[in-house]
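In the part that follows, the structures are each spelled out as structure tokens.
You will see two complexes here that share subunit A, one where it goes with subunit B and one where it goes with subunit C.
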Partner chain A sequence: MYTRQRQRPRARAGVNRRQGTLACLMLLPAVTGLSVFVLWPLARSIYLSFYQWNFYTDNVFVGWKNFADVLGDPKFAASVIRGLLFTAMVVPLQLLIAFAFASVARSVGPRMAGALKMTIYIPTVVSTVIASLIFVVIYQFSGGVANWLVGLAGAEPQAWLGDAAWALRAMTVPTIWIGLGLTSLIMLAGMLDVPESYYDSARLDGAGWIRQQIYITLPLMKNVFLYLLITGFTVTIQQFEIPLVMTSGGPADSTLLPNLLIFRHFRYDDNVGFSVAAAILLFAVIGSISALVFRLLRSEKATDA
Partner chain B sequence: MGNHLRHRTAIGLGATLLLGLGVAACGTDEQPTGKDGNSGGSGEVQTITFWQSQFYGLEDEWYASRVADFNATHADIQVEYEVIPSDAWDQKLKAAQAAGTAPDVYTRAYNTLMALARSQSIRPLDDLLSESAWQDLEASVEKMVIVDGQHYAYPVLVEPSMVLWYRSDLFEQAGLDPDDPPTDWDGLIEVAERLKGAATDAPLAMPQRVEDLAWSTWGLQYSSADHLPLAGDWSAAQADDPAYKSLLDMYRALYADGLIPPQALDEYTAYAPYGEGKVAMMANGSWAAAGLLSDYPEIAELTRVAKFPSASGDDQSPTASLGGWTLVIDGRTESADAAGAFVEWMVAGEADPLVKYFADTSYSKFPARQSVNLAIGDTDEAAQVNPWRSLIASDVVPYSIAEPVYDWSVSLAFAGAIEAAMQGQASDEALRRAQEEITGIVDQLGIAGQGPE
Partner chain C sequence: MAATSWSRAVKPRKWALSGSKTAVACLFIVATLFPLVWMGLSGFKAKNEVTRTPFRFLPEVWLWENYLQVLQDPAFVRAMAFTLLASTLFALGSLVVNSMAAYVFARLEFPFKRAIWAVVISTMFIPSMTILLTSFLVVNELRMVNTIWVLVLPGMASASQIFFIRQFYLGIPTAIEEAALIDGAGPFRVFAHVFVPMSKGIFVVSGMTMFLAMWNSYVWPVLTITESDLTVIQQFLALFRGARSTEYGLLMAGSTLALIPVLIIFFAFQRQIVQGARLSGFK
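What follows is the complex of A and B.
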């Protein structure tokens, strides 16, 4: 093999060139789309963030003022911290439930697995707005399902969406519910990639289910977890429709997540410089944390799957 | 190969990025050029767009009917009409403005006019409407559409934002005299305590969500402190006036004692929770009359109205603001003359169609024009249709304040203080935070000294 390669360097280089050209051609549509719909708007937004502007008067250059206004607004910092807290409540629980679901789906027969997958995926195709409205009804103080269940347990009814102590926690349920389908299916796909022979060997060595998960499943699914962690984090911290529909950010700003704050400024401000600067700063926060997670967990090719 | 591919890929990416930036550079920093209004040359049909915020059934029908009549009687101008749900209004309009496709004519509330005028989002109407149209306006209403000496909107109506609606039968069952409604906030709390259990959800419905509190409590804010949280010339926040504590304390007491629902039952303008017997009293605007009369006639029979209690019990202390709707013309319209003709025909021309509008809405609103007021005043029909109208006209409207025209974020900031008090925060602390926030808004927007007073 080695000899044959040494004997055909020119042919090999030609193959490389063709492969490189082909790769570039295949990347071109995605890169074009990315440039037009992401990079250009981003560049334009950064440019506009230095201006005071509305849609009727000439833009006025204001330097860093919009950024200073955003950073000087305690509501922005509070909303980012609240978003991180919300993410910390939603993403780990979502991964845990998805992992449990995928484990069950992997262990049952194909027909049952199909039914389970369909069931878990249904919330994904439900509109977030519709899901939010459903949960508003569920959380109604009088006549809501949540308080009916609480009543069965003998506890006092709660103002799930009217009490600042409960509102953000109440919002985690629909957020997890909506994201669970996709997370579970990706988790299951990663799990099915782990060779069954590893588990057979582990069982022969006397490893129980928990040890199999710790020493086989989790290490081999590290990249899947990394992907789900990053996407779960970025989607959850940017959650917007659920607080908009369920609480409008209240009570007392307890569910005012960063994107809803930005939307509120876009909706009501005469000049939209604040909204654009806030969006760029949020982009920086999310990008930084995502990079940190990548660095800490180190995405590597799975050792053997 | 890896390096080779990365090099090629980098070139590809760079070229594409440059292409993207090049395309972008071909764009322009100029403002969008506006809508494709037809030039309006002789013989051509001009098409203009009209967006109406969604109201209640009969109101929407009136607007639709008027537009249809306009189109039927004007061969040279045709109106494309769209009703926009109120919760989607702001974002839809903002998106249209960004794209240069804002409607030529649209409905707008009074409190937004100054900001829109100063940002040139709407244009003055003085040169588009006839002099007689302006002369017909009630003087107090005309002031509300003038910004820096020019008329920027044509008003359709005014309506007080808050009166007290209550069930006489439930008052009697609780041993209360329906002819003696509460007049101050202590009295309101006392009556609500007596009405506990009278309705399924709570004794009283009040605005509770921040975006409802922001505008519906302007009158109550004035009642508690004799001023609003921002000075008239917008030079300084004055939300930390201890007098505001009475308002926050009232809200805290109502919420903590279960006298208002733990969660808002609906948005403030909704009358259904009251009509369905979920509450025994409700704070709501005069517009609720139309809905109660048409949708809950049996409850309407049992309903009384009173001026909403004031902080001190003074029956002349404002507890409501006078708001309502106007028609404005987009600042970048290319069909200003056609839009002006439409506005004049729609709401500033003959009185009869407007009289029908007020009749359709059960005389729950009040005309902005003298001629329409006169036409309605000449009949007894208004009092027969709407049994509460005369009391609202005599006891509420004259003592209502005009809606403040400062930035909406100021109103949201003070509403946040009320909301925080409901959630248990000490009133001093809530007011201190509102003061800081409003001060920050004044600095950030640079509006000190730009207020109307």
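What follows is the complex of A and C.
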């Protein structure tokens, strides 16, 4: 008894030390990878944002000048506003379609629901390049599918991507199409968590479908909506591959979303500090808006309870 | 009597309701798949037929020429093969790296565990654009530009995949490995002989996610690959469009062919992928 008690801690310490070494070894590849390709570039970004720097000359410390330049650049401000506008067009519509999808998938038979779930997810695995190319052809002025559909409705054909008034709006379709799968499946998972008995009793009380949604589904799925709203916002405002492939930001900068502006600066502008400062500022904008949305919706919930 | 008339009145309504639900469901399926089916069909159309004005869904004459021409283009075949190789290496490497880390965080004790975990998780929230530019500087200094490693190595260690696999490992009851531990197996053997065999499902989801991420990546290759021998498939498609902008049939045929590996993977593992998407997305 006595010896056992004395031996145990020492044996434990030995095991722990061995475990510690093994843990280090097994963690090494992941920690190295994240350090070299994420943390180190992040540190460099923060550092470079205070420097005037390009590939050919030495760094010159310029303090907050890069940030001031970015904030004073009307093009940057315009691109952020454009990004917010784009997000405001994409995210609500995406949530609405996902909600409709989840409602349908919930109420049809299991086989149909399985087919629906599988189908809605297919666009998610399609690359943004392919999606962009498909929609470039769909949006062709003469003979494009979009103008054929518009013609069926009796409206005038549009030069969708060639017209500054339409290009950004036209891009919402491939953006929603590609992002719909994940949103819908998460929406459906949240909806399936709402107990069926709630709807049964509401039905007995004579509540119709719309009132069931307003009084049962929406309040109970608040967290799901919150999550989808914030992730939808952060993903959409960072979108730039679709405009990059479809229009390269044109016509007349009408599809120059914030990240595309930064990407363009990096490729064609000498001062890397500017691009990096812009990226950090955008990060700050995204972070604070997400925090704000989170706060607003959360506090509302708090007053409910 | 009253009961029968009631049920008679309700039945057609119920029928109509379930019928309309099925109709809406079918509408969803058709609308979602339309762009892809239309892309595949356009590949069979003649040069000017894709955007001919009286719209026709099906090709007038089914032509194989576009598909054959793309398949006979050595640059296309090389891009497909190279991207396949890079994506496979990327996915397999990420499984090794991330599953080991996930096991360590789920089961082992070591100093500063919580702090390291916090740092690992925080990397998930860094927007890619803030580090895209300086990542390029880093790989440039490491002389990885224009090699396959510039695709395979960065991004292999992934906090979200570590998190995802760790969640699964945390759900495995400790009783399962205790027998092995009592037999004197070390933690690494427990990982290799108990955890890895149980991880089949989770590895499929994680591996496919990473494979697809690499297969579909475009911006990073645009920055880091400038040699035409190492062009990845998405780059190839975008360049193709720039070079031959009006040959829509050919463009759609190339896009369709580039999508086929993705669709094969998707249909082979669709149940796991759809389920995993839901899990990794929320809960």
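Quick note on the criterion: the second predicted complex is superposed on the first by the 250 of 305 C-alpha atoms of A that agree within 3 Å, B and C clash if a C-alpha of one lies under 4 Å from a C-alpha of the other, contacts with A are read in each partner's own complex, and residues count from 1 in each chain.
Just so we're on the same page, contacts are C-beta pairs under 8 Å (C-beta built on N, C-alpha and C of every residue); 3 or more make two chains touch, one makes a residue touch a chain.
If you're wondering where the values come from, they're calculated on a predicted model, not measured in any experiment.
Colleague: Which chain, subunit B or subunit C, ends up touching more residues of subunit A in the combined arrangement?
Modeller: Partner with more touched residues of subunit A: C.
Colleague: Who does A:F283 touch here: subunit B (first), subunit C (second), both, or neither?
Modeller: Second partner only, subunit C.
Colleague: Considering only touches as defined above, state whether A:Q140 meets subunit B (first), subunit C (second), both or neither.
Modeller: Both partners, subunit B and subunit C.
Colleague: Determine, under the contact definition given at the top, whether A:F266 touches first (subunit B), second (subunit C), both, or neither.
Modeller: both
Colleague: Between subunit B and subunit C, whom does A:V60 touch in the aligned arrangement: first, second, both, or neither?
Modeller: Once the two structures are laid over each other on A, A:V60 reaches no partner at all.
Colleague: Tell me the contact category for A:L85 with respect to subunit B and subunit C: first, second, both or neither.
Modeller: neither
Colleague: So, does A:R44 touch the first partner subunit B, the second partner subunit C, both, or neither?
Modeller: The answer is both, since A:R44 touches subunit B and subunit C.
Colleague: In the overlaid three-chain picture, which partner chain does A:T32 touch, first (subunit B) or second (subunit C), both, or neither?
Modeller: both
Colleague: Quick one: classify A:G250 as touching subunit B (first), subunit C (second), both or neither.
Modeller: first
Colleague: Just to be sure I read the superposition right, which of the two partners does A:G72 touch: subunit B = first, subunit C = second, or both, or neither?
Modeller: first
Colleague: Do any residues of subunit A touch both subunit B and subunit C, and if so, which are they?
Modeller: 16, 19-20, 23-24, 27, 31-32, 36, 39-40, 44, 140, 142, 263, 266, 272
Colleague: Any idea which subunit B residues touch subunit A in the complex?
Modeller: 1, 4-5, 8-9, 11-13, 16-17, 19-21, 23-24, 29, 31-32, 90-91, 94, 97-98, 100, 102, 115-116, 118-121, 200-201, 208-211, 261-264, 278, 331-332, 407-409, 412, 416, 419-420, 422-423, 425, 437, 440, 444
Colleague: Taking the complex as given, what residues does subunit A use to touch subunit C?
Modeller: The touching residues are 16, 18-20, 22-24, 26-27, 29-34, 36-42, 44-45, 48, 100-101, 104-105, 107-108, 112, 115-131, 133-138, 140, 142-145, 148, 177, 180-182, 185-186, 188-190, 224, 227, 234, 238, 240-241, 244-245, 259, 262-263, 266, 272, 275-276, 279-280, 282-283, 286.
Colleague: Would you mind writing out the residues of subunit A in touch with subunit B in their complex?
Modeller: Going by the criterion above, the answer is residues 16-17, 19-21, 23-24, 27-28, 31-32, 35-36, 39-40, 43-44, 54-59, 69, 72-73, 75, 139-142, 159-164, 248-254, 263, 266-272, 274.
Colleague: Please output the residues of subunit C touching subunit A within their complex, sorted ascending.
Modeller: 18, 21-22, 24-25, 28-29, 32-33, 35-36, 38-39, 42, 50-53, 55, 96-98, 100-101, 103-104, 108-111, 113, 116, 119-120, 123, 126-135, 137-138, 153-157, 159, 162, 186-188, 191, 212, 215-219, 234, 237-238, 241, 248, 251-252, 255, 258-259, 262-263, 265-266, 270, 273-274, 277-278, 281-283
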